[in-house]
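In what follows, structures are represented as structure tokens.
You will see two complexes here that share chain A, one where it goes with chain B and one where it goes with chain C.
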Partner chain A sequence: MKTLLRVAAVVAVVALVLAPLRLNGYLLNLLYTTVLYVALAYGWNIISGYAGYFSFGQIAFFGVGAYATGLLVADLNWFWMLAALAGGAIACALAIPLGYVMLRLRGPFFAMGMFGMAQMVRVVVTAIPATGSGSGLFLPPGSSLTGVYYWTLAICLGAIGLTIWIDRSAFGLRLQALREDEQVAGTLGVDVTRAKITAFALSALIPGLLGGGYALFLTYIEPDAAFSSRLDLQSIVMAILGGVGTVWGPLVGGVVMTQISEALWAKFPQIYLMLFGGLLVGLLLALPRGIVPALAGRRRPR
Partner chain B sequence: MIALQLAINGILLGGVLALSALGFNIIFGVMRVVNLAHGDFVVLAAVLCAYAFTQFGINPLLLLPLTIVVGFIAGALVHRFLLRRLPREIASAEASSLTLTFGLSYFLAGGGLALFGGRFVSVPFLTGAYQLGPISVPQARLLAFAAALVLSVAFAVFLRSTLLGRAIRATSQHLEGALACGIDVDRVRTLAFAAGTAIACAAGTLVSFLFNVNAQQGVLYTVNAFAVVVIGGLGNYTGAVLGALVLGLTESFSSYLLGSTLAEAAPYFLFILVLLLAPAGLLGKRAA
Partner chain C sequence: MSPSTGSGQALLEVDGVARAFGGVQALYDVSLEVRAGEIFSLIGPNGAGKTTLFNVISGVLRPDRGDVRFMGRSIVGRAPHRIAQAGIARTYQIVRPFGRLSVVDNVAVGALVHVRSLERARRDAREIVDFVGLAPLAERFAADLTLTQRKRLEVARALALRPKLLLLDEVMAGLTPSEMDGMADFIVSLSARGISAVCGIEHVMRLVMRISHRIAVLDAGRLIAQGDPQTILNDPAVIEAYLGTPSVPA
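Right, the complex of A and B next:
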């Protein structure tokens, strides 16, 4: 069984790498969207799934990554992958002081506090004159969807690898301990603040790196696109429906929900929001613990 | 003079914010559920009222009793058939109630969009203003403030002096204690969710003649309610009134002094600041 799964994983990765050779514009677009959502869901899953800090604002780091990349490419003529890498580093560095402040909040306070923080970061970023304020920033054309796709795929695979490592490591155990009871974890010798902030910074690095690719994909960034609450909330929904705090939940939830969402959008654009909302409620009631734990048929291991 | 005018605008706005936040607060207090669909109930009621006014010429104040009843029924149904079915014992219970109300929010916003379209609508009703020397008091805002005040006081009296109101307060203060007193907590929860939704719809009716609204603006009202409640202290019903005044004044002054783009961030800034400096709210006791 285990070798079978490994073989399937290798085949899937090879297929994903070769996909741009065979796929046309629309399908490659759909594949890019899927991989982007899966990667975002993995990023969110670290701080919110493993550490239990439910964030509604990780999109702040996505937007920072997108704008940093946009500025470096448009104004300083950097090569875009280097710029996107810098975007990720900036988002990650920003997460450390922000996390130090915001992670004092808990539960719904942290969730809504992060929502507010994302709005504030958005207002600050767009108030900088160099970002073109509300009217946006044009990127020089020339990048291909294929390049952006490979960038995003690499980050997505990296995020999965990171999650597998977290799930098995002592660091992951520390996060799960503080999720179950922060005080007890602290008493048992876990450096709670350090563990939380590390998880938060990793959860910011992934969307930060993805943001640069997204900026190239759009070739034009404006606040509503870079800090899109739709991207944020839908990736959260995917992680939850897949299974919060599990290794494979974001992958399963992301792949399944992106296809459903795109199909609904293509067939019923007028009532898309309503259908998506209704579906979300229905799925949540049917599988409150998520798809992956339901398939595993038992309580979360460990 | 400008400061006085801004202050009056802020206080009048605060009345409606306080009413809307009261509904949000009662649901959080009793159920520990952050209702992300709160604002969608507010704007849906507002859009409905605007529709009824433009199509049939019905005065929104006449619709107030109707929206309250419809909101009450809708809230009761949402609790009975959706929220109550979520398992309470799992680790992610908080996450699932957030997700559920988030899905509901999408559903309501999408439904409103499909039914009424995305245009901004409002009720051109009482557009005049009273002049008190250099100060002008918009009639619509004054009326909305008065109506919000009456409804809030009526609800406060209900909470203080009826048996049912006491059961609601008992449940929000101490769940086990309420259970030990023989309170049917499950029924109280349904009642609280229904009452919270009814209040949201009442606030929406008042919003319909204050602001331009469309069905997708729910998030804004959810965030405002959340900010008010955080500033006043979650579950603290008198604190919320203070919170609403603070937020109303902040919005009024910041949109004048900072311009509308920066003013958008004002409620967020305010509630994060309060959360960090006084986590139990401005009137809250230290360490809850």
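Right, the complex of A and C next:
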């Protein structure tokens, strides 16, 4: 069973790498979007799934990454991958002071606080004259969808690898302990502040890196696109549907959701959102802990 | 067994600690001293301030006044994890297991203070889980344990820190009489291994008298007596406040 899964994983990765050679524009576009959503869900899953700090604002870091990349490419003529890397680094660095403040809040207060924080970051970023404010920022053409796809795929695989590592590491155990009971984790020797901020920074790095690719994919960024609440909410729903705080939840949830959404859209274009919403509610009622935990059962933790 | 006094060296010194919650004064000017290797019982009815004192010592709460010294150094204002790393472990009166983690992983969290690798921490944790008699449940979710098993898990997690001082908050509560005897023997065995224990206990005087080297009595936030079991039993203030005056004079 284990070897079978390993073989399947290798085949899937090879197929994803070779996909741009075979797929037409529409399908590659769909694949890019799926990979982007899954990667975002993995980013969210670290702070919200493993550490239990449910965030509605990780899109702030995506927007920061997108705008940083846009500015570096448009104004300073940086090579876009380098610029996107810098965007990720900036988002990650920004997360440390923000996390220090925000992670004092808990539960719904943290969730709402992060929602507000994302709006604030959006206002600040778009107030910088160089970002074109509300009217947006044009990027020089020249990057291909294929390049953006590979960038996003690499980050997605990296995020999965990071999650596998966290799940098996001492760091991951500390995060789960503080998720279960922060005060007890502290009296058992866990430096909870440090663990939370590290998790938060990693949860910012991933969208930060993805934002740059998205900016190039759009070739034009404006606040609503870069700080897209649709991207934010959908990736969160995917992680929840797949299983919060599990290694494979974001992947399973992401693939299931994008496929269902696409199929419904193709067959019932007028009422697809209604059907999709209904189906989602049904799935979550049937599997409140998500698909992965439901499949794994409760035989063994981990 | 007649308990001998500890080695005499002060391990923990609580010096004039006071703490209020809004208008409620939970602790007034409490001073006590726990010596290396001794079993120190803190007795008093519910609401006397035992848990508040444990919260102050373990860094969960800051005292409004007073000082807490561990091995001669003040630990007031230190983060709880640093106090845990220094060698003070505690259990919680209302058991608080990490429900969605396995029993072994619950214990491994504490073991990580001393070893870097999770594998080593889990191995150490298994030994401790074995030691407290939870080996058959090692891989189960902590949420699946019974109350008695959770009490043992609380102790196991605390032991994983390899503490010099163990604060046991109402470990006897909810146990059957024979389980209480088992727990008492267990605490005595810890003392034999050089771990000092402070037991916060509401009642079960029979056991307190049997295992304690020294006893302090807390009543409504005030320390009303401190001394060896015999002294405590004969202390008029204790008899009045806690043990009760005989209704029929002898």
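The definition used in the following text is that the second predicted complex is superposed on the first by the 290 of 302 C-alpha atoms of A that agree within 3 Å, B and C clash if a C-alpha of one lies under 4 Å from a C-alpha of the other, contacts with A are read in each partner's own complex, and residues count from 1 in each chain.
Please note the rule applied: a residue touches a chain if its C-beta (ideal position, glycine included) is under 8 Å from a C-beta of that chain, and two chains touch if they have at least 3 such contacts.
What you are looking at is a predicted structure, and each value in this text was computed from that prediction instead of being measured.
Q: State whether A:Pro97 touches chain B only (first), chain C only (second), both chains, or neither.
A: Neither partner.
Q: Examine A:Gly161 and indicate which partner it touches, taking first as chain B and second as chain C; both and neither are also allowed.
A: In the superposition, A:Gly161 contacts neither chain B nor chain C.
Q: State whether chain B or chain C is in contact with more residues of chain A in the superposed arrangement.
A: The larger set of chain A residues in touch belongs to B.
Q: Using the superposition on chain A described above, determine whether A:Val281 touches chain B (first), chain C (second), both, or neither.
A: In the superposition, A:Val281 touches chain B alone.
Q: Who does A:Glu180 touch here: chain B (first), chain C (second), both, or neither?
A: In the superposition, A:Glu180 touches chain B and chain C alike.
Q: Give one of first, second, both or neither to describe whether A:Ala170 is in contact with chain B, with chain C, with both, or with none.
A: A:Ala170 sits against chain C, while chain B stays out of touch.
Q: Have a look at where A:Leu188 lands relative to chain B and chain C in the superposition and call it first, second, both or neither.
A: Second partner only.
Q: Of the two partner chains, chain B (first) and chain C (second), which one does A:Pro140 touch, if any: first, second, both, or neither?
A: A:Pro140 sits against neither chain B nor chain C.
Q: Determine where on chain A the residues touched by chain B overlap those touched by chain C, and list them.
A: Correct list for chain A: 180.
Q: Within the complex, which stretch of chain B touches chain A?
A: 28, 34, 82, 85-87, 90-92, 94-96, 98-100, 102-111, 113-114, 219, 223, 226-227, 230, 261-262, 264-265, 267-269, 271-272, 275-276, 279
Q: If we count contacts the way the header does, which residues on chain A are in touch with chain B in the complex?
A: Of all residues in chain A, those touching chain B are 48, 52, 54, 101-102, 104-105, 107-109, 111-113, 115-117, 119-120, 123, 126-127, 134, 179-180, 229, 233, 236-237, 240, 244-245, 270-281, 284-285, 288-289.
Q: Once bound in the complex, which stretches of chain C touch chain A?
A: 58-60, 79-81, 83-85, 89-90, 92, 96-102, 105-106, 108-110, 112-113, 116-118, 121, 139-141, 157-158, 160-161
Q: Looking at the complex, which residues from chain A come into contact with chain C?
A: 168-170, 173-174, 176-177, 180-181, 183-193, 298, 300-302
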